[in-house]
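As written, the chains take the letters A, B, C, D and E, and residue 1 is the first residue of each chain.
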């Protein structure tokens, strides 16, 4: 990965701190994402992974520290700011409106309007186009067991919901895609589709941050692995030089990494 | 404060959204300033809100007032608090509405609401002549809780019109078929219009309309106008506010019983001042339990046997 | 025991052109179709209750009730509540509540009246000022809710008291008489203008109410803004995370609600002829009642504005029907209470049967 | 690339006596401690607002306000609202709302009065009948909400109209005079009995209110029933799935609320001396205001009943303070509106700073 | 497993049907759980697994079919009925009250009262005892990164929440324990603890139904595997005679099992 050390990171966090009352979820944490890579973030439950990516995507405003995108410091005030900058996130809690349909949820905040007068003046939504797009994206994930694209999201099974969220991010992310445990509720087949999708996305040149507890998946996909422990980045490892056992040992504290940080 | 030499007094009205009480307050404030009384004003939140009035009485006692002028929202419920005030050495005068019993207050300056109703009832009957025998009467009352002021005017009207009353303490129990409908209006234009429409839907041939007050009358008129019957229906009302008297002039209301809130207010303020200075209390009108501040029937079409004043006179005396 | 190392994922590695999974379609038939329609069209249930109550009173009262006069009278009587309830629906869809609707409507009408009569501003301009006033108060509500994150109930409760008191202080409790308005500023009564179609009397206000409901129904269903209103009401955090500008959506909803209430104030002048600062005191509770009978959840995100419209009509039908059937005011009041509960119970029952 | 078959799980196979994970404890200091206290005790915020408003009026009005008499007067003036707001809190904690509280209170007092006077039932028995009546109406509310799954807003709105109209019909709008009650059924006025402690005047009703709040605070915090009330309000489905009897909890809450309202009705007789069917019309809005100023969420599951108590007192302090300061009624009304919003804004601000 | 064929099933479902509007989530499905076994239920997302266990645990009332426990037909009207019969369930949605504390949630519906007068008459909760118990159970799961046992559940990370739910079920289940994807959000270490816990529970003689998408875990623990597909039980396989590949092939429809049902 030495070629990468020359490259400038696309998205960074420096010294990020986030406290919730007595709990320090992020404790002076650093972070880098390089162009075109798949970076996995692993760590115990409660280590602060979700908080870290929320701080990067505007969903949480860190108490201290700074975030840069393309070398420029950014101050996202809301996830919308981050989305406008091209960062698309699938949150662990999925962030969907239960009573609305799958299509509505996929296009939330970037709806398509009918062409011509009806779209421009009556601001009418182009439902057929939106439905077709949604159906295609779900098909890609092998989620065609969903019987009705206009079904309310609250009537979907846990895995189906996750599939919809991932499809949404993959369809719209332009600069960075962040996936917080995207396959947690997915079946074997559906997980596999998501992994393929992640590789598809990378081949479009878009870097991905992947949080996952599934070590085989992490080691299969990741270019680099950020190991998170007790609110901090413990080390970054190269999956080609480390075993899954090493990674698990680091993140659980069973073993201390030799060098604090591997060359990133 | 700077008025420490002054006598201080309180005025507590039923509400201060009804122009009647607004004018009463303005009159009292002007009088108080003129004779050097420090007046604080309070009001309930809606007509019938006696709890807020109780709180106001307590505040006046706490504040060291010499006397209280009150238009009671619930004439018997308020007596406990009134007694407390009297025990604390305050002079309590009921305005507009006598307490039950009337001697629960030290004095009362009020309209005789039953008489106010009777006058418009008698006038309407005389106005119709023989047709009164098969009149079709709509009664637009105040609200479902049947407060005394509404009952007195309603029953007074029916009595004046020559209709046999049931229990004189409530409306709605009369048997006379000439009453084609009763409804409630909240004493507002909107309520007046809706209530009138409801009764018209039941019987479009209504020809006499009693209304609790002039806003309700104005609303009823709009409903009649909407079906083109505004010219063949007699509307009577109570209050004598300036817009109401103007409506009599314009022929919208046939007759209205005028009350004199300014007189009540200034008499009340003077009474408290007098009492603070030499301990004299005002006396009630001969033969009545209260000091009657009078009621005048305002109409341009006087009838025999019912004394009335002209619209011009009414306009001179009108309030608000 | 097979080893942990069985590379089972290869089974799903190649993407097969798989037949789309389908479950046995449960045979529907007529009742099934009805149930499905009820399921996907929430406003159908209040519509059924409405039709049932029309039939009930029609049978009870015959032509007295089933006359063009009586039926259009209901429309006229519900127009103010109907307009205000449309505003209330928007706010409630965002999981808020607006207790200031009545006060905004009345104060807007007072602004229209006093600007014309006290300051001699051209009445048409005064109307615009009244509408602007309503919008401004609504926007202030929205700002307090969205930016200051105060609970809508409290914001609008406080605003209700403030606007109502300001209304009395500003108007000095004076009524502007219908005759004066007709003479000097007839445009204030424009919403009361009547026209007849085959014995049925409609007013501009009634037409306005119907158009308003249709436009809002369209906007809620077929524009991005409408979808955002639902999303915000459903789960504001999720909406924010998935890219809705929650704050602007909320502010726009409250401001629009204020504007609609100001229109209701204008319609109020049309209906009662005069400008009276004491009007509209029951609009809060009546509008919320219409919304809830119409099937919109007070927790936001669910229901349709057409339902609200039917909800307002249901109350109107019952009120007039009971009065015509001879119930006195107190009994009408009591029976409306029973019917509010019954209407919603029927609604629940239909939903359950059709679930 | 390491093989998929790396048996990484062995790393965590043996359970090690691991040191409990601890994050660096953020240094707290004085402000930190304050913030923490605010965080864990939700009723502290309304308490602070209450104390601030007491100080404000104390400074403005001096000893006229800061006398034992004036301060206990506030307690007397808020007692009815305070009692009813306690009932309202319970219902709102379950994510419901009770619009029938005022009507239940009044009708219960009418039952107590009319049973004694019309039927000559011994007054003590009549009081019990009144309490039973309130409980029954509350239980009916609860049954409709829990079993019929009707929205609480609608159920209690309908019940409000029904009970209020029944109240007027049954009482024939007659007030039972204070003097008659004192002579023939003094127990009806028992809640109004006064006693003095060092210039401060307390009534039995005030003591009842304070005790009621304490008992409910205990029950909500330290009994299983109380925890279930919160759980039901928080997420009824989750509560049901995790073993709470949601229906019985709801019915018990509404029935208890009815009982408490009936006590409020009894206290009402004590306060005004007479039995008046027109009392209590503002109790709905006033009790909800107290609850919300006290920091209980209208969406259920969050807040404390002590907060409600302070909320009621805040409104009482402002009302008396403004009256004493000489503000006229509309200005008082307007300022209370401003203060409702301001109190909650301060609350939000404190929470934000202490988050 | 021939010895098992002689034994009577503890919990069965026969011909269960559940429809949601147009969707048939359970389509004449059968089910058996034998005493003392770990039965895994696997299937694609949306196959109807969660609906099946909801029908067994009273959270959903099936449209058709019957459930028996200990040979007797039962009609659970609510999850409470099932709990009283000794069936404890961790639902996929976790079923917790977000604003309440961890302790409150663990004891919801079966709170401990103080001994003596305070418990009997004042009905006072025994908080110290409840807290100690909760802390111990979470310790067993290695979830001591939870810093405060009185923390509101809504402030926990996704994995921490799941841990609490599993600890609750394991602590209180007496007859059957049902776990719907209990490790979906858990880290490597925490998952391992849950697996150990499941084995602990079985060694106490209590049978377990485990829904999981994690094949290695399923094959490690399960005595029998119920394969669910399109709302029905496709087959029941013995993990000793089948590979993970077989199982995945069956559930995704890539392969059709030879015998409709293996001897259970």
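Note that in this section contacts are C-beta pairs under 8 Å (C-beta built on N, C-alpha and C of every residue); 3 or more make two chains touch, one makes a residue touch a chain.
Quick caveat, the model's predicted, so the values are computed rather than measured.
Tell me which chains count as touching both subunit C and subunit D.
A, B, E
If I average the CA coordinates per chain, which chain comes out farthest from subunit C?
Comparing chain centres, E lies farthest from subunit C.
Need the CA-centroid distance for the pair subunit D / subunit E, whole Å please.
Centre-to-centre distance between subunit D and subunit E: 40 Å.
Can you check how far apart subunit A and subunit E are, centre to centre, with Cα atoms defining each centre and the answer in Å?
29
What's the distance between the Cα centroids of subunit A and subunit D, rounded to whole Å?
Going by mean C-alpha positions, subunit A sits 45 Å from subunit D.
Centroid from C-alpha atoms only, then distance subunit B to subunit C, rounded to Å. What do you get?
About 37 Å, centre to centre.
Return the residues of subunit E touching two or more other chains; collapse runs of consecutive numbers into ranges.
Those would be 21-23, 93, 145, 147, 188-189, 215, 248, 252.
Give me the residue numbers in subunit B that touch at least two other chains, ranges are fine.
16, 46, 144
If a residue has to touch 2 or more other chains to count, which residues of subunit C qualify?
4, 7-9, 11-12, 18, 21, 23, 168, 330, 333
If two chains touch, include that pair; go through all of them.
A-C, A-D, A-E, B-C, B-D, C-D, C-E, D-E
If we count contacts the way the header does, which residues on subunit A are in touch with subunit E in the complex?
Going through subunit A, the ones touching subunit E are 20-23, 43-47, 50, 92-93, 143, 145-148, 151, 155-160, 163, 181, 184-191, 213, 215, 248, 251-252.
Using the touch definition from the top, list the residues of subunit E that touch subunit C in their complex.
Interface residues on the subunit E side: 19, 21-24, 27, 215-216, 219-220, 230-231, 239-240, 242-245, 247-249, 252-254.
Can you check the complex and tell me which residues of subunit B touch subunit C?
Those residues of subunit B that touch subunit C are 16-19, 22, 46, 141, 144, 172, 181-184, 186-190, 192-194, 197-199, 201-202, 215, 218-219, 221-222, 225-227, 243, 246-247, 250, 252, 320.
For the complex, which residues does subunit C have touching subunit A?
Within the complex, subunit C touches subunit A at residues 8-9, 11-13, 15, 18, 20-23, 218-219, 222-225, 227-228, 230-231, 234-235, 237-245, 301-302.
Could you please specify the touching residues of subunit E with respect to subunit D in the complex?
59, 78-80, 83, 89, 91, 93-100, 104-105, 108-111, 113, 122-125, 127, 142, 144-145, 147, 168, 188-189, 192-193, 196
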